[in-house]
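Have a look at this one.
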């Protein structure tokens, strides 16, 4: 693949920003060249600017990089964004207009009519929408590609093979989400010692809207929402990493739990066929033990890039129910953006 | 009410047994006279026999009582049982045959055809079944009355007013249950530090079966199951006390969230009308804050005897969804048995 | 005692402010009349302004009070302060100059040369220092009385009887402190799920300095520091309420663990003799079980106003070691200020 | 090094046994050939017999091995033992008498007069004691080598460089130990949700006795205890892996914190010189941040084989205080035994 592509990470000192830096260490195609953060951090080395919380210390090469501010020009052709919602739209759009390929974990652009919201195993064909995006906006090389919310990704990854094989009409989900999903400092320890918080602002709406776009169509000029109903209840539980979700499905046609297990276990898609560097060999792993998946045991499977399913069984009301779990800041955030970028690169769309 | 009634507590050193002892301290009608436990404890004082885990120390008077073994004769006319499943059926039946009134938190007798499974606010009329039970079994004074499983009680308490007012066709529930529900030592700390266990053996089946009996009918000779479908997914989370449950309902007729809130908030039943000593003034409390109920804040409302509901809103798939929470070893176990006994006493059925 | 005294609570919406409000509900001598907080809260009802975190809801009467801002005049003659450090000194001093009796949990005034730093069971005689304070500062009726830091209080309460009876030369202590000590939101859940933070800014210095003042003398015109060496290591652990501390002591003379237990258990002081409303009957409780005290079991003993000691035994290096535990926001904060005020009232020093 | 040496793991299904299996996967010198466990597990595959709790699943090759019982003959020349105390002495001694080289994490043989208790960075010279052991017991090839308790290892690893360079007279330590140290199920979740348990049976005695043997001498025929006083207070905290310990030291001669940091950071010993496969490059890492080490961030440094020190500063009573942390089931248990075996192999003492 020749020389590595220089990458800028926006929101580099935050929780997801740190995960970008960690996952990009020794990446075969991409190289962290620029770290962008708020004014408070600008000018400091990354090691100084960043309260690193995901291992003992940031990768050495990155630790020495100087953090730059959003208003300084970005030179790298490839940009990963973990900017906070509200700020992201303007910054990402501006960078795309300057020719940057922006892969964003931020919520702002996800539901835009010409921005592909992508999980490479789910809707790789939506990538082409960036051509329309460029045309719409008068951009030559740049574009913005979004990935979904952390709780959406793992659910939809598990829905997709079923959607394809037997159809889905209704999805009822309850989440038990990890603290890291709220960033750092995020949720107070007073709220998560011996407690559950049965509410995460905006999360249920995101799961409901994003799922329809992800499973929907791209007809060459517009996205069409998938025709399925979704109802989400989102909770925060005392877990550091790894979202656990209970899912109930009404299927398009009758299917036994055994058939569903087979459909999930055997699923492979474009990232696996292209052998993308961050792609899990098995995007969905199905556990046979009665009490799995569990965050502490299963969140790091396939380097945190797989969704782990268990307890597939009949639902007395809808048709099928199961539990799905996945790492929320790896496959659920930074890893999702990186896999999107790898897909574009493998398809020759980063040039 | 004159003299207090002597009470024996079976399984007195266990987690629920301890809660019986705590809740019966200073009870206006009942007095703990006998503590029954396994051979290992027999002969010791309660203070010695019991690894008391719910406050700093057991009530002083009870602490000095000598623990007796199941094979020693029980003298008290009233018996509260927190025996483990498997052992309970035989011991409780034997005691009832000897004329004892047994109020049991154990699972063994709950689904028996002539044993009332009761929540006084839900199905006080099932009490009469003990007359048939006595006749069936040839018992003169004794009987067995059961209360439901901890996760069932709080859900059904919240369902009952809706069931009465608008009807319910389907109930989908996901639980996030506290560690104390598994007793002591119960769940290993290795399973609940930074973790969720998406499985509790037998729990989903209990919720599904017990709910139909509780909301069902008693026609003077037999119970009839309520005609509603239930689908439960049960999880253990790192919380000490207090089960949190997300519930989705298909109603018998259309009703707005505001109407449901009004139905729940205004609900009063026989325990409130009879002013039973352990009855909550408001059996169901509805929170208006977006992020409530929470176990740490709401489990002790009304001395742990109420169910606390929040987030009542429309469900895009079924009709209504909400969160319900309650103390699992108070209203969900020992307090449930005690309230049953109080109902029987107030109705003159303990004589 | 006639009419209740009106009380203003400063910092009323914070973690310790909430505890003041809770502990003052139904107080026999004091009545919460004014709630003072930051600009953000001013003008709202207390229920609206305050994110109440210590039970399901604030006391009803207080919930309806309107919160006022620091710059509005305070009318109540008695003031409890839980202001943040930095802000407290100026506000408290100003109020005292206007004639208010200020009992403060803030750190700012604790080490002032004419401010008594008090635990009523430890140094009730320091109360007289307020006369010198008034003279120094030209104040007629007002004064400021401080209580120590939460980790200091429980340790010193356990040291005092030993200090009196056998003398102490050296104190080595390691704390395992609860999250609530840092207020709300305070410590991030990311720092306290599956983790210990071995550092609390300024805490070790406070424990070392405050202990010497508390055990020191008041000679009618100045405080003299106690002649003892202290070395503290302070840690934050995943506990909601209740600080646990391991203590090693070098004594003034030889004493057996049994003698130390007897000295601690039998200790009574002025709050007990005066039967102050918030005084624990037993200020120090000694547990005989091998694995006690534990925060979850022992923090609420004597309504959270006692210190609980256990594992008193010989130290192979110094002389004696033990564990002490206490509730950090009750006896360790708001309850400490209230007990100070009760002492002043009982001595006729609030008039 | 030619062919790999076959290894038997005793207690293979337990918590430390699992860690042995994990750490020996892909080991350059050793190969897991036999898994020994209790009768309940015997005859099953390891995957079936073992409730694997340290990652998603055991290594594939080992998962298929059949578990054998203690009474079946062991064929492998090298044995790692994580047997429970009480059982270990007899089994280990029997195997050694049959010619096996036994490296044990069990407590039973640690303090035996002719059993070396070893940390390769601390007392590699004690290895020779196995020759005397063999002579004493009439064994030809077999022997038993023990490693210390998990809380001892990390403390002593940090003490050793200071002991060598400036001397130590007194050690005062308070531990905050992880749940995994008690195995699985080990400590109840009811004891570690929102709680600290200030007692671990036998742990303080082990720390005190083992440290003196580890820092002591081997004169060719007997061990001599190091002349230093130790006082330990041991606590269990809600952490999954990683023991944190606060240490206070009285030194042999005066030394500044900076000198101590330099002594610790620069320490290298025989495992580093021999470049043993499991040896950390830096056995002791010193953190400069005020709030480190923390279990969640630092326990996996150097693959869990290093001790991490922080907050080195003067002690107002003894001379120096600091915090030390390390992974309790890696360097603190299974990794410790493996490193001992590697040392013996590199010295040609396994032949």
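Read from first to last, the chains carry the letters A, B, C and D; within each, the first residue is number 1.
The definition used in the following text is that contacts are C-beta pairs under 8 Å (C-beta built on N, C-alpha and C of every residue); 3 or more make two chains touch, one makes a residue touch a chain.
Source: prediction; values computed, not measured.
Over half of the residue-numbered contact pairs at C-D are shared with one candidate from A-C, B-C or A-B, namely A-B.
Counted by C-beta pairs in contact, the busier of A-D and B-D is B-D.
For this pair, chain A with chain D, the centres built from the Cα atoms lie 40 Å apart. Mean C-alpha position of chain B lies 47 Å from that of chain D.
For chain A, the set of residues that touch two or more other chains comprises 53, 191, 193-194, 238-240, 296-297. Chain D contributes residues 170-172, 174, 176, 191, 193-199, 201, 208, 229-231, 233, 235, 237-240, 244, 246, 248, 250, 290-297, 310-311, 315-318, 321, 323, 325 to its touches with chain C in the complex.
On the side of chain A, the complex with chain C involves touching residues 15, 53, 179-180, 184-194, 238-240. Partner chain D is touched in their complex by these residues of chain A: 53, 55-56, 193-194, 240, 296-298, 300-301, 308.
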